[in-house]
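In the two complexes that follow, chain A is the common piece, with chain B as its partner first and chain C second.
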Partner chain A sequence: MKKTTGYRRVGNTSVAIKPTKADHSFNFLVDFFLAVLLVIIAVPLWSTITLSFRPNDYIGNNLQGMFLAPWNWSFAAYKALLGNQGFILAFKNSILILIGGVATSLLLTIPLAYVLSITTLPGRKFLNLLIVVPYVFNVGMIPSYLLVTHLGLIDHLAAIFLPGAISTYNCLIMRSFFEGLPNELKESARIDGATEIQVLIRVILPLSKAIIMTIGLFYGVSFWNDFFHAMLYLNDNSLQPLPILLRNILMASGMNEYVEVNAFGDAPIAAIKAASVFMSAIPMVIAYPFIQKYFTKGTLLGSVKG
Partner chain B sequence: MKKHCTSRIGMATVVLLLSLSLFAQGTKEEVKAAGPTSVELWYGAAITEAGPPPADWVGFKVIKDKLNIDLKLTALPSNENDQDVKIQAAAAANNLPDLFMVRRDVLSRLVPQGLVAPVDDLYAKMPVRTADHYDAVSQNHARINGKSYGLADPGSINMNEGLLIRKDWLDNLGLAVPTTTDELLAVMRAFTFNDPDKNGKNDTWGYGAFQEINNFEAWPGRRLEPLFGAFGVDGTWSLKESEAGLNVLKGEFYDAMVFLKKIVDEGIMDPNWLSYKKDDFRAAWKQGRFGIMREQNAAFAAQANYAPFDKNFPEGNWIVIDPPKGPTGKASIGPYTANYRIYAISAKAAKEGKADKIAALLEWMASDEGYYLLGWGVEGVNYTKDADGIPVAKGLADPNLAFSAPGGQTVTQLRNMVFYNGDIELYARYPLYVTETSKKEMSALTVMREMQTKAWTAQIGSDTLPIPNADLKRFYEQGLSEFITGKRVLNPANWAKWIDEFKKLGGQEWNDKGVAFAKENNLLTR
Partner chain C sequence: MANSLEKKRSSQLVRDIRRHKSVYLLLLFPLTYYILFRYVPIFNGQIAFRDFMALDGILGSKWIGLKHFKTFTHSYYFWELLRNTLMYSVGKLLFSLPLAIILAITIYECNKPFLRKIVQTLAYLPHFLSWVIMYGILLALLAPGDGIINDVIKLFGGKPLDFLTNTDAFPWIVILSDAWKEMGWSAIIFIAALMGIDPSLFEAALVEGANSWQRVRYITLPSILPVIVIVVLLRLGTILDAGFNQIFMLYSTPVLSVADIIDTWVYRQGLLEFQFGLATAVGLFKGFIGMFLILGSNRLVRRFGGSSLF
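Moving on, here comes the complex of A and B:
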């Protein structure tokens, strides 16, 4: 098949444009750059994956370990992780935080963004200012801790997502998206007697799948990875989510100096660390391809008036 | 349409509110009434990645029945910085738990705020525990403004590292154990160039190390301290009254640098030492890359850790040796400090009259019942005792519940609160075993005991001295490594110039602050 750099119209027909030397050079540079990028991303990923499969009696450096034959791989780390009650419990807590967090955040962000997108809203500028100011000037850890304490949320999973349920950044993206929707649609619904809530639910939301999925993904990733708030607000260890356990596993580097086995049995701790990193990333890795099509569309549309 | 829509929103709101109850699994504040005293304890977990003791842990019941205490446990984060953040946030909200583990520098910030209660009068109320855990050094460790504000339990074992050499390589080459720096150099050269493992390849080096740096063991760090100890400048500081201050400012430090540079320039140290991480270093000695190293007793001799080396080199034989003597006869494996885990009582708990209850709890932990229950679990379930009365993980109905197995580790999470490095726990931790391939009898405890007989430099409290700011630290580490790697020429003139620059950048101030701190806290020795 002949290579082309594009087509131009001649009368009613499209004619292929023959690539020049400069096009070839440019394409080569782009390909080279992408190949380097691929290596930069793939090597650490592959290193982590192979590390997670290393057997306990493996000795050798990381480079050699990356080329360990698959028939020498050990599944001990995954077996140990999946058989560990603490890991299962932490995974469950993370899922609860993810679901609760995304649902709460979307339920609060969508109406707020919609209200702010209505140009006729009295005091709209002032309301926008109220929302943007805390985005620029962060309230800090101690006041947040005091707030959570006084709300009685210490040792509640809701403490992880409720205080930060609305992200200003996400809200502004969503507001821009709503502003970009044709005003005529809203007007016609209003003329038909719809209230603002009905306009939002019946007219706006069906057109906003892309932005909802995108913002939902943003929220999901941040709640899934949230270590700090869980560390701060959850004293009951049975409520701790995956990032806390992951951190504890990753911190267990000096363990082999003191005990014969680790909490995960015979699997080497380096393999356990790598396997836990890999497994904790799996839900997000699975979610991304399904949401990716909305993701690009949603962020681009949101940026038009951003 | 309007009605339909409103009801949908109403439903969604109700679902959201109801779902919040899903997350409300936490504990509510205790209703104060006649009944057990609630004691909230934030502890340092023994095995950070294992879970907390289960809700039906027998310890909760025993403590309630015997002491009338309702114990609530929270494992602190595994990372010290995270621990500090959690404690400081709770302190800012006046929400500190009754009893909590805390680092000394955080404690010293909490005390002036009146958030921590003094514990001086508690020692007498805990005679057994005080005898085992709190000697004079311990009681002094958390002393601030003349009062003890923390119960300092013994931490990790001191002097549990040693200088090791491949005896089989020495024998292959007909060499004796080196006792001086000159002899050490000769052995390193032979290990590098004379094929000590007789495999016909030029694949070995004399010394192996990696950069392991901390507050009291600055660059080049712990693994090279035996070399610097030969010049009397091991560790970041000298705490001798007559010469107190930063070692880097002493003339002998330059001599030690010249010695290290010679080793590096001759290529008789594993060249990867600047890039090795701990795990790489440990993989390297198990692969037979070098024949002299400083290593920790269990990392070297515990069964699982020694097994790969045993498999690779059944004839291999590491022995613990004395640190080499330098030109003036000085020798040291390196500096050691006294490690403590400080437990503090919040002022709030003391005001609520809980201090005596906490003392009773800690004293019970030091009793035989508490010691074994928290240290190893339930006899017959989590451990059995051997003929010498040492807890062992043998003869159990469910081996997974053994104190050392994944299923049993959660019930021993508080063991650091009862262990004091006594013989029973050391025998249990480091049992005697026979290696699988070479059938050698080994014990990490025997190795440790031998390591402890070697020359060390006592620097109690040096880990609590002021640390430099990030820029000065970088200048220090980068400068020294550049001298060794040849990016800077190491000669007296360049060295003096670099030291001047170091002092100007804040090195002199760091030195003076450290000396003043050491004097204030009685850390200087004669």
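Moving on, here comes the complex of A and C:
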């Protein structure tokens, strides 16, 4: 959080006024609310994490399990997952979808957003209308399903990221970022004889790291998390990404599925489930702090300026 | 005179277009994408008015007019789907929006940097988790046999409850889990608005002897009110989206009567029962109403001084 924008801190203001009783009760309630919220946010995460490290011979319920000392944790569930071919394959498929999806999406979104940001462009109004109409009028999932089927994309990983390759919303956020860049830079490059593609690559892109990271993160999250399209379009088991495998593991409860889950070795089933939840979340959790500063900046720019 | 002016204008246009030649080149792939993946589905939407047979193709199937639409609006599940959809979207708005506002204000007011930072970081995080992952987390919490919440219930001598298959509990699980996941993310825009408040207002209030409560009541809240109005309006524009991924992951047959929303119904009718025409008609119905809602809400947003995205 930036301090320069006048982050208000009563204690720091030059006006030295003794806090009243009301101020104390207010500050206490603020801290109390945040502390309670912290517990509410942390408990579900913590319970899943501790569950994934549960040893096989653990006696006690999950509530007690949350307080199990880390030196008693067992890595059996993770060993079982990482030793499982199906899991490794699903992880690999997810990575492929992530990389292919983010690359395709950015390669399509950046030029479009840039072109829409050129205010002098003839036909700009029409272009805007062209991309906004399908955004406003959503015909639902069946017509897209028929299209993907007709294109023969069934059982291709591209079926997961091609239909949603450009998010109009992301594109409009990026457009308003580009619009906010100083016009003189672009103009002087154009006067020097640069083509629009050169202006985009040499002038715009170096200034747009924050927005590209932010939008890239948005795309990455949506592709990494997608299970619905994978469920519709990938029938081949060797193509299934992590969310589909995770869903199958989580839904397994009866005797039949027990055998399938048991393919993961002798770790407790609950621990296997929790560990696969954790493993599915880990790339997002690792990437998140690095990109957090960008997205706060980027979304703020996008949302405040609209 | 007018003629030459017109000529001048059109030659100006030609020159403008020529000057931007390389710009149009940049559009090649994005526009192909829009035509193929955005406009072809709109074209495919016509099967809502046809008796679609896969063998006959889209254009070969018989026109049947509004039959699918009538089937839907006259069916008993129509009101149930509408009720559930609105229950979830309005419920989420009523519940998570005040929470997001309070969270933003408390984060802004908190004078313990450590507490502020850790809450802020943790509160954004769940937004990035998928509903499959959320389902896994909820299982660890809510499972009838060994979920943490049931452990607590048992600790106090209560009877364990299977929350996800209980029709009374299910709507609350949906609304609360959504609040848990999205609260922090929704707070971002309010935090941004709070940062924009002129600090001299607070100093003036301090000099005048206002306490913290009065400051929040008379400066902070009125300052972010326009943003709150805009957020509410934008949410109203998508009021028919009740959260397909969430419901799809959490629901099951025992709770269908309180869980089924328009989108999940479309999925089942279309892709499990292969009633493509009927399902498309319902999708179109929703898209059509949604269009008016989005356009209306954006118009209002502009009136309230916000700039809409389009």
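We adopt the following convention: the second predicted complex is superposed on the first by the 267 of 306 C-alpha atoms of A that agree within 3 Å, B and C clash if a C-alpha of one lies under 4 Å from a C-alpha of the other, contacts with A are read in each partner's own complex, and residues count from 1 in each chain.
Keep in mind that, in the parts below, a contact is a pair of C-beta atoms (placed from the backbone, for glycine too) under 8 Å apart; a residue touches a chain by one contact, two chains touch by 3 or more.
All values reported here derive from a predicted model rather than from experimental measurement.
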Chain C versus chain B on the shared chain A, clash or fit after superposition: clash
First, second, both or neither for A:L232, with chain B first and chain C second: both
Residue contacts with chain A in the superposition, chain B compared against chain C: C
Which superposed partner A:M141 touches (first chain B, second chain C, both, neither): both
Which superposed partner A:L207 touches (first chain B, second chain C, both, neither): neither
Chain B versus chain C as contact partner of A:A270, first or second or both or neither: both
First (chain B), second (chain C), both or neither touched by A:I88: neither
Touching partner for A:R247 - first (chain B), second (chain C), both, neither: both
Chain B versus chain C as contact partner of A:T195, first or second or both or neither: both
Superposition clash, chain B against chain C - the stretch among 27-35, 63-71, 81-89 or 135-143 that is involved: 81-89
Set intersection of chain A contacts, chain C complex versus chain B complex: 61-62, 107, 141-142, 145-146, 162, 195, 197, 232, 247, 270
Contact footprint of chain C on chain A as seen in their complex: 1-2, 5-11, 13-15, 17, 20, 22-23, 26-27, 30-31, 33-35, 37-38, 40-45, 47-48, 51, 61-64, 66, 107-109, 111-112, 114-115, 118, 120-123, 127-128, 130-132, 134-147, 162-163, 165-166, 169, 172-173, 176, 195-197, 200, 221, 224-228, 232, 243, 246-247, 250, 270, 273-274, 276-277, 280-281, 284-285, 288-289, 292, 296, 299-300, 303-306
Residue ranges of chain B touching chain A (in the complex, touch as defined): 1-2, 5-6, 8-9, 12, 16, 19-20, 22-27, 42, 45, 47-52, 55, 73-75, 77-79, 82, 85-86, 89-90, 92-93, 95, 97, 156, 278-280, 283-284, 286-287, 296, 298-299, 302-305, 307-308, 311-312, 404-406, 409, 429
Chain C residues within the chain A interface of the complex: 13, 16-17, 20, 22-23, 25-27, 29-31, 33-34, 36-45, 47, 58, 102-103, 106-112, 115-126, 128-133, 135-141, 146-148, 151-152, 154-155, 180, 184, 188-189, 191-193, 195-199, 202-203, 206-207, 209, 211-214, 216, 244-245, 248-249, 263, 266-267, 270-271, 276, 279-280, 282-284, 286-288, 290-291, 294-295, 306-310
Parts of chain A lying in touch with chain B, wherever the complex brings them together: 56-57, 59-62, 80, 84-86, 89, 96-97, 100, 103-104, 107, 141-142, 145-146, 149, 154-158, 162, 193-195, 197-198, 201-202, 231-232, 234-239, 244-245, 247-249, 251-265, 270, 272
